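Order of writing sets the chain letters: A, B, C, D, E and F. Residues in each chain are counted from 1.
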Amino acid sequence: MEFALASGIGVLTACGIYLLLRARSFDVILGLTLLSYATNLLIFAAGRPVIGKPPVLREGVAETLANYTDPLPQALVLTAIVIAFAMTAVAIVVAMRSRADNRSDHVDGREPDAGGKQ
Amino acid sequence: MAHLPVLPVLVPLVAGALMLLVGRRIGPQRAIAWTAMAALLATAALLAREADRGEILVYLLGDWPARLGIALTVDRTSALMVLTTALLAAPCLLYACSGWDRRAPHFHALFQLQLAGLNGAFLTGDLFNLFVFFEVLLIASYGLMLSGGRGPRMRAGLHYVAFNITASTLFLVALGLLYGLTGTLNMAEMSLRVAAADPDDVALIQAASGILLVVFCAKAALLPLYLWLPETYSHAPAAVAALFTVMTKVGVYAVLRVYTLVFGSEAGELAGWAWDWLLPAGIATLVLASLGALASPTLRAQVSWLVIASAATLFIAFSLDTPASVSAGLYYLVQSTFVTAALFLIADMVRRQRGKAGDRLDIAAPLGHKAALGLLLLVAGVAVAGLPPLPGFIGKFALLAAVPDGRVALVWTTVLVTSLLALVAMARSGSQLVWRAEAFPDGAAAPRPPRTAQRIAAGVLLGYLGALMLVSAPVLRYTDAAAAQLLAPAPAADAIRGTAPTKRAPSP
Amino acid sequence: MKRFLPSLPLSLAVFVLWMLLVSNFSPAQAALGLALAVALPLLADMLAPERARFGRLPVALKLGAVVLVDIVRSNIEVARLILGPERAISPGFVQVPLDLRNIHGITALASIITLTPGTVSAELSEDRRHLLVHCFNLRDADQVVATIKARYEAPLKEIFP
Amino acid sequence: MSTAFEIMMVALLAVGAFFVLVGSLGLAKLSDFFKRLHGPTKASTLGVGCVMIASIGHHAVLGDGLGLRELLITGFLFITAPISAHLMAKAALALAAEDPRPSLPPRDEPQAGEGDGPRRAETGGRRS
Amino acid sequence: MIETAVVVAMYVVGLAMLLSLWRLLRGPTVPDRILGLDTLYVNTIALLILFGMHLDSSIYFEAALIIAMLGFVGTVMLSKYVMRRDIVE
Amino acid sequence: MLELLLALPFVLALLVAILRNVPRAATAWLAASAPLLGLAILAWYTPAVMSGEIPQVTHAWIPQAGLLFDLRLDGLAWMFAGLVLGIGVLIVMYARYYLSSSDCAPRFFAYLLLFMGAMLGMVLAGNLLLLVVFWELTSVSSFLLIGYWTHRKDAREGARMALTITGAGGLALLGGVLLLGKIAGSFQLDVVLASGDAIRAHPLYAPMLGLVLLGIFTKSAQFPLHFWLPHAMAAPTPVSAYLHSATMVKAGVFLLARLHPALAGSDLFFYTVSGIGAATLLVGAWNAIFQHDLKGLLAYSTISHLGLITLLFGLSTPMAVVAGVFHILNHAVFKASLFMAAGIIDHEAGTRDMRRLGGLRRLMPFTSALAIIASLAMAGVPLLNGFLSKEMFFAEALEIRGHDAMRLGVSIAAFLAGIFGVAYSLRFVHDTFFGAPPDLGREIHEPPRWMKIPVEILVVACLAVGVVPALTIAPVLETSARGVLGPALPEYSLAVWHGFNLPLLMSIGSMVLGVTLYFGLRRLFDIHAVIRRSLGRRVFRGNVQALLRLAWRFTYAIANGNLQRYLLLTVLAALVLAAAPLADGALLAGAGAGQPMPVLGWVVWAVLAAAAIATVALHRQRLLALVVIGAVGLAVSLVFVFLSAPDLALTQLLVEMVTIALMLLALNYLPQESPKGRSRLRRVRDLAIAGAAGIGVTGLVYATITRPSQTIAGELLARSLPEAYGSNVVNVILVDFRGFDTLGEIAVFGIAGLVVHALLRRSRLTPTEVIPGGPALLPMPANLSQLLFPLALAVSVYLFLRGHNQPGGGFIAGLVLAIPLLLQYVIQGSQYVEQRLGFDYVRCIGIGLLAAVGTGVAAMLFDLPFLSSGHADPVLPLFGPLPLASALGFDIGVYLVVFGGAMLILSMMGTVKPRRKAPPAATGDAAPRGTPA
């Protein structure tokens, strides 16, 4: 299972990075979204997740890591998800404004054919 | 007083939240902003005084032992950073209050939240919490930079945002791996575990901390990650760009904090590995940034490159890893923050006095209010080029004096040659902007003079430099002690881990 | 009364939902459920200009039973068609003329049509006189229309007068 | 736990899983969007419904006592499935190259006010 | 026996998910893909309930409830986009 | 008192600069008062200094770094201070009349006084670092002075050139001084001067000497760095007279004298300094002959004389040192007067070009006489001061011991330089004052009296020293030489007549040959036609241009404004730093065995991987990518579900929906498709990097999570219920253990809302495609969603309340509140919803933040740290026990911020469309309604 988890994260990372390196703002944002999935899973994986032991305490079950998975990475991922969403929102809006103001959705604000070098 | 360490975060946070309740009326917003500013200055000063007693203040949030919850840790260095930020913020706020704050929606709220983020990043002793406050300050900086802007600023903003989100993603990757390998997020606790790491884990820990290093260097604009900074800073509104000068310092600070405490002298096999990378990177960055300053088409771009150069100088100072060099670096950090901030403000005033030419260096244009602006530019230029007697010189010579014997040739050559490049660059700009200024054509009215608030703001920043020059001895004594504290992390780590909660049971 | 309890069925639904969610009955939970049952429909009412008038509970229950049976029956029917060869299927659209005028009634009808496998309500004409229905296997359009009108629309007209 | 209960549970699970599968099979197999649109209904009605009932029984007998919370899931599906089906159909109609809709019968004489009233009430706020 | 049935049912639902995924990836039209995604959500509800039975835990109920209640919002928005481009008119 | 002496010029500079609108005379007097008072103070010290005392004051500045504010008035300092102040007075006097009415006098005098202060500080400094401080200050102030006529290109260029060269030298000097301090163990001059032997024996002596000499040579314009000096002549003449004859260029030789005891005495020193000095001596003198500009000639002459002084100090014998000190004085006096004379000529004739000048002796006889006398002093004619030191120089050259070749070379150089010196002096005199009077179209007459007085004083000094040296200069020379050599001065005599010896022969020879040379050259070719372009300037400009070009090319080749490159470098940097330590296969060492993988897990894996890859494959068709990425989100939620993270699954699901909403809203304003990237190579490269990163991450994660965990989380589990009163440990961490994170997190969320609001509030963006027709009417979905709405709200409240003990909590509940509302926006339109449910989302965020902070602050009232949780269990009469945890208050804050933030973002994005075309029926401007908040 560890390998599946690790390789899933790897696939997400690879896909995310490929999109991150594209030239259009929307593609970059898609890439960042995929990367944020990857990082969330990565942090989550750092807690050595197991099946069926959610960290919600039940009566009569000893409160040890033998009975519950590590809750800390989950809390971290929650924070990370929220922050990633906030960042995505800002990035999207900036991309919209950049497109509207600069008449191109190229990340550099100009079509590669239109403008030469600086 | 017991709650002093948390106040630098709470005061601006509450102020920022209150801004949202008063709506768009500028009067109440300014009142809140200045009240908070005053409170923050007082808090920061008190904090520095407390920290200078030599003990590490540990504030256990939620009354949890440091390794379970989040602990704020105040040593001399973090107190110095908080104080620097507060001192910097006041003139920036003043400058913005001359009109920009009306034009940029939510300026005051974002400004306060940015301060909260900065202070949080300086004070926290927890690695993940550091990430969170990085994000707070970053997202507030997006707002500050872009609110009220358009066109090219949006393009620069898109770069800035995308770049930083990428860096933050890497931050999370590093955090996840480090947590997976050490099982903790508290830096003091982590330092202990890194020191005692299984030999099989060492390479992995180093890989993780390598990614972390990339993140911090990206925020601090170190080679090869510095490229985002010039366009970002030169497109930001003046007051904001001035405030941003402390943001690269956050990255430098984070490197200093993490790579002295967690991977510092106590870290066993990993002790100080990062410095081997940072010295050449810092030197290369310094050279490139100085060339950039020379090549800049505008004054603001030039100042942006100088910001990078100052961060690179800091990296050089810190990577030398001696108490004297770290101390010199801390001193240099403070002064370079003020001087580059002042230059951003001056550049803006110059820009507004030159009509369409703006702050472009390749065009001769009339300059209104030449005498005052010329004087400001002169003082700031002297300071930024590291000429005596201003603190830039003191910091530089303290740094040079602190270079250990083996590195003298390399570091001295770099620092001295780049100082010359900075000098040439500033002389060129001053000559182009002030000296070459023609008279206003007949009939053309001279631009409205810079507002008093703007001039005072720039003057205050330069005044800091004067003050810093005069009290260099006590400041350097403080930074000496701060460096000693940083480079001997064991007592700090013990203090943090050993601090007992008020009511709760301590951690075993 | 209407002012504080705009829609009794909705309030009831909220209350039932609450009690189902919290599972274990306690006076405090019941009180909270009641409070929500009053408050939330009021809030929702601000968004809904057309209030539902709900009558004839027995008819509604009977209709519910009919629909449940139809769901099971048509599920089997459609499953058989899906598993069989595709040529046996001849899909098509029909326009079902509506006598219902109440939007709640139309909504209920459309929902029932959709929930019953084999038919999907695709569009309500702009004048709300016709409902476009797609049939998975349309043999006799008129019969489909007649069935819908008789089995579902008629009781709905009673429920939502 | 009686055998009858067990058999019932297994049957419910079998039926539920079967219809979920058939729904997706239809989705994957059929050749045209509007045909496929019928598939998921099986999953969301009978498929999930049967699994829900099985779950209620399971938790009532084997777990922490009777709870009817699963009914809520079916309830919500009954509210939401028509909305999504309706909108997807509308989307497909909007994209269709040629209008597949049978023509409407000739319009009746407009009955003054009656049909328009509610519609205006509904949409009035939206047009500016 | 119930346990086996639950596990088998989970595999069947998993198969259904793969079929839905196929449609999602295959298209050909945008509504087809939306439909694939929507079905994937519905399959997930069944899977979550089965998983709860499998582990004898009701802790996954909320997730299923949320999907049932709000999972269609994505479908609605995507469809609205296809229809109008502007999802909040 | 020494402090006062030093402070005077600075204080008066400030006064002069501040006091605008006072008469020029008053400004001048104010300015002159600084050197005058300074001279008085110096006079007061004179007896003490002459008697061998060294008055000294020390203040701490940065003692720990060795930088003391230490002033020390020994003989050398005393002499230089006198020079700086004395000539300073004359210059001020002269400048008062020299400056035209359009020049800004206060600025000029302020700069001049600033420079004077810097010079004084440098000569008085008793601490080497302090000396460097003032040294650099002279560079800066001279930059200002040279560039004083800012409208002139040559002035600006000359100023920058001077600053560049001397600034570079200053930096080198800083390095040298730091090394010197390191070697000597102190920066205090006393200590350094006393440890000459140790210094010369130190292995760092050579680099130290090189750096210090670089500083000295740049400042004193030694070959080959001499070329800046002629270009500095663009400055007003008082500046040239002061800086470029008497003071600043003397700073270099001053330092040479100052550090002589510490540095001199090695072969390295001897050869380098005397070699450079000799070269400068010749190059300067030869070039001076061919200048056409009076000031240019004087500048090259200055270079030559500075070379002479340098050479003398290089020879290092006590006598040579005395001669060097002596020549410093003499040169200052005659050269200052010559510059002033040149200034007068320029002032009166309007030109300094010797090709256009001539016959001035008839038009301004008195000035001409003065200038001629001074030129003769420059040429080293007997009975003038220049002669004396030149004699001493010849004598020293002939007496070099132990280096025969050197003796010969230096002697020849000295002789040649003497010849050239006579030639250019002659040219100065002949071309300017003799011959036919020019026709310059203006009347030329004697300058104002006060402008001449300074020249008179200086020329009188030349004569006095030259005729009766023993009575005039001897005590001064002795005092100042003692400052260099200490009490043991060599025997020397300042008599005019030493008998008929070789030096005298050389003097006479050079005189004769010099005259011959000048007239010979004139005979041979037209000296006026010779245009000597400054090679140094060309090289300098070329270098600066090349540097700028290099900087430009380098900078913009790297920072080319291309985000893709920035991101690529970031990714690569991370890859390299992560891979480096693992290169030797350390990755898998220590990895343990994993858990078995259920088949169903592979299904989820397949959904995840397939959807992620499909997102990449379809990314150019953006809508499709969005549909597919939804499946990735779903798969991630499923991973969370299966691996025991219900809270995460819920959050992921909800955020997924909001994200899709966000992207769809944005997609309306972006192109529907991405154009295909032009470069296939780049795609392949990116794929390779992405693949490498993917593999790397896989390896890192696998290696990490197969190792045993050593987390502290066990303690969190154990202390969650008893101390934080919650059984959902994840939520307890969020609102209690790590509540501060959550506070930051909601701050981020709230700020995101504010940023979006700020960016979109007034913007009206144009959609890429507008589908014709009115807004979609969706009566049936609207109806159903209205039914759903209150139910969803109830679920939201439920999730909120139970969050502390079961999956749920403020964040999830906030989104469960927001998404149904979003659905209302989608189905009913934003105006419809906002008219009926008028939330002020901005305020909602503010209140939420305050609620969260307030809950934390409440703990402070109980003397507990911020965010300490509290707990109460009141039993209500009818309802039974009511468990209350303070965390609930915090969670309310989270709830409000999340709801407010999410809705603010979504509603803003729904309201940016442009004004819709007015429906046919409507008239007038149907502007969309204002946005919330």
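The definition used in the following text is that a residue touches a chain if its C-beta (ideal position, glycine included) is under 8 Å from a C-beta of that chain, and two chains touch if they have at least 3 such contacts.
Keep in mind it's a predicted model, so treat the numbers as computed, not measured.
Undergrad: Considering only chains that satisfy the touch condition with chain B, which of them also satisfy it with chain F?
TA: A
Undergrad: Could you let me know which interface, A-E or C-D, is made of more C-beta pairs in contact?
TA: Higher contact count goes to C-D.
Undergrad: Going by average Cα coordinates, which chain is farthest removed from chain F?
TA: Centre of mass proxy via C-alpha means gives C as farthest from chain F.
Undergrad: Nearest chain to the global Cα centroid?
TA: B
Undergrad: Please compute the C-alpha centroid of chain A, do the same for chain D, then give the distance between them in whole Å.
TA: Each chain reduced to its C-alpha mean, chain A and chain D end up 32 Å apart.
Undergrad: Could you give the separation in Å between the centres of chain B and chain C, each centre being the mean of its C-alpha atoms?
TA: The mean C-alpha positions of chain B and chain C differ by 61 Å.
Undergrad: Calculate how many whole Å lie between the centre of chain A and the centre of chain C, each centre taken as the average of the chain's C-alpha atoms.
TA: Their C-alpha centroids are separated by 40 Å.
Undergrad: Using the touch definition from the top, which residues of chain B touch two or more other chains?
TA: Residues 128, 132, 135, 139, 142-143, 146, 158-159, 162, 166, 173, 177, 179-180.
Undergrad: If you look at chain F, which of its residues touch at least two other chains?
TA: 556, 561, 563, 567, 571, 642, 646, 667, 697, 701, 704-705, 709, 711-713, 716, 737-738, 741, 745, 748, 751-752, 755, 759, 775-777, 779-781, 784, 787-788, 791, 795, 806-807, 828-829, 836, 909
Undergrad: Chain A: which residues touch two or more other chains?
TA: Those would be 20, 25, 28-29, 40, 42, 44-48, 51-52, 54, 56, 72, 76, 79, 83, 86-88, 90, 94-95, 97, 107-108.
Undergrad: Which pairs of chains touch each other?
TA: A-B, A-E, A-F, B-F, C-D, C-F, D-E, D-F, E-F
Undergrad: Give the list of chain A residues in touch with chain E in this complex.
TA: Spelled out, the residues of chain A in touch with chain E are 51-52, 54, 56.
Undergrad: Tell me, which parts of chain E touch chain F in their complex?
TA: 10-11, 14-15, 17-18, 21, 24-25, 27, 30, 33-34, 37, 40-41, 44, 47-48, 51, 59-60, 62-63, 65-67, 69-71, 73-74, 76-78, 80-89
Undergrad: Note which residues of chain D are touching chain C in the complex, please.
TA: Spelled out, the residues of chain D in touch with chain C are 18-19, 22, 25-26, 29-32, 34-35, 37-39, 41-42, 45-46, 67-69, 71-72, 78-79, 81-82, 85-86, 89-90, 93, 100-102, 104-105, 107-108, 114-116, 118-119, 121-122.
Undergrad: For a test of understanding, state which residues of chain E touch chain D in their complex under the given definition.
TA: Where chain E meets chain D, its residues are 1-2, 5-6, 8-9, 12-13, 15-17, 19-20, 22-23, 29-32, 34-36, 38-39, 42-43, 45-46, 49-50, 52-53, 56-58, 61, 64-65, 68-69, 71-72, 75-76, 78-80, 82-83, 89.
Undergrad: Show me the residue ranges of chain A that touch chain B in the complex, using the header's touch definition.
TA: Chain A reaches chain B through residues 20, 25, 28-29, 32, 35-36, 39-40, 42-48, 72-73, 76, 79-80, 83, 86-88, 90-91, 94-95, 97-98, 101-102, 107-109.
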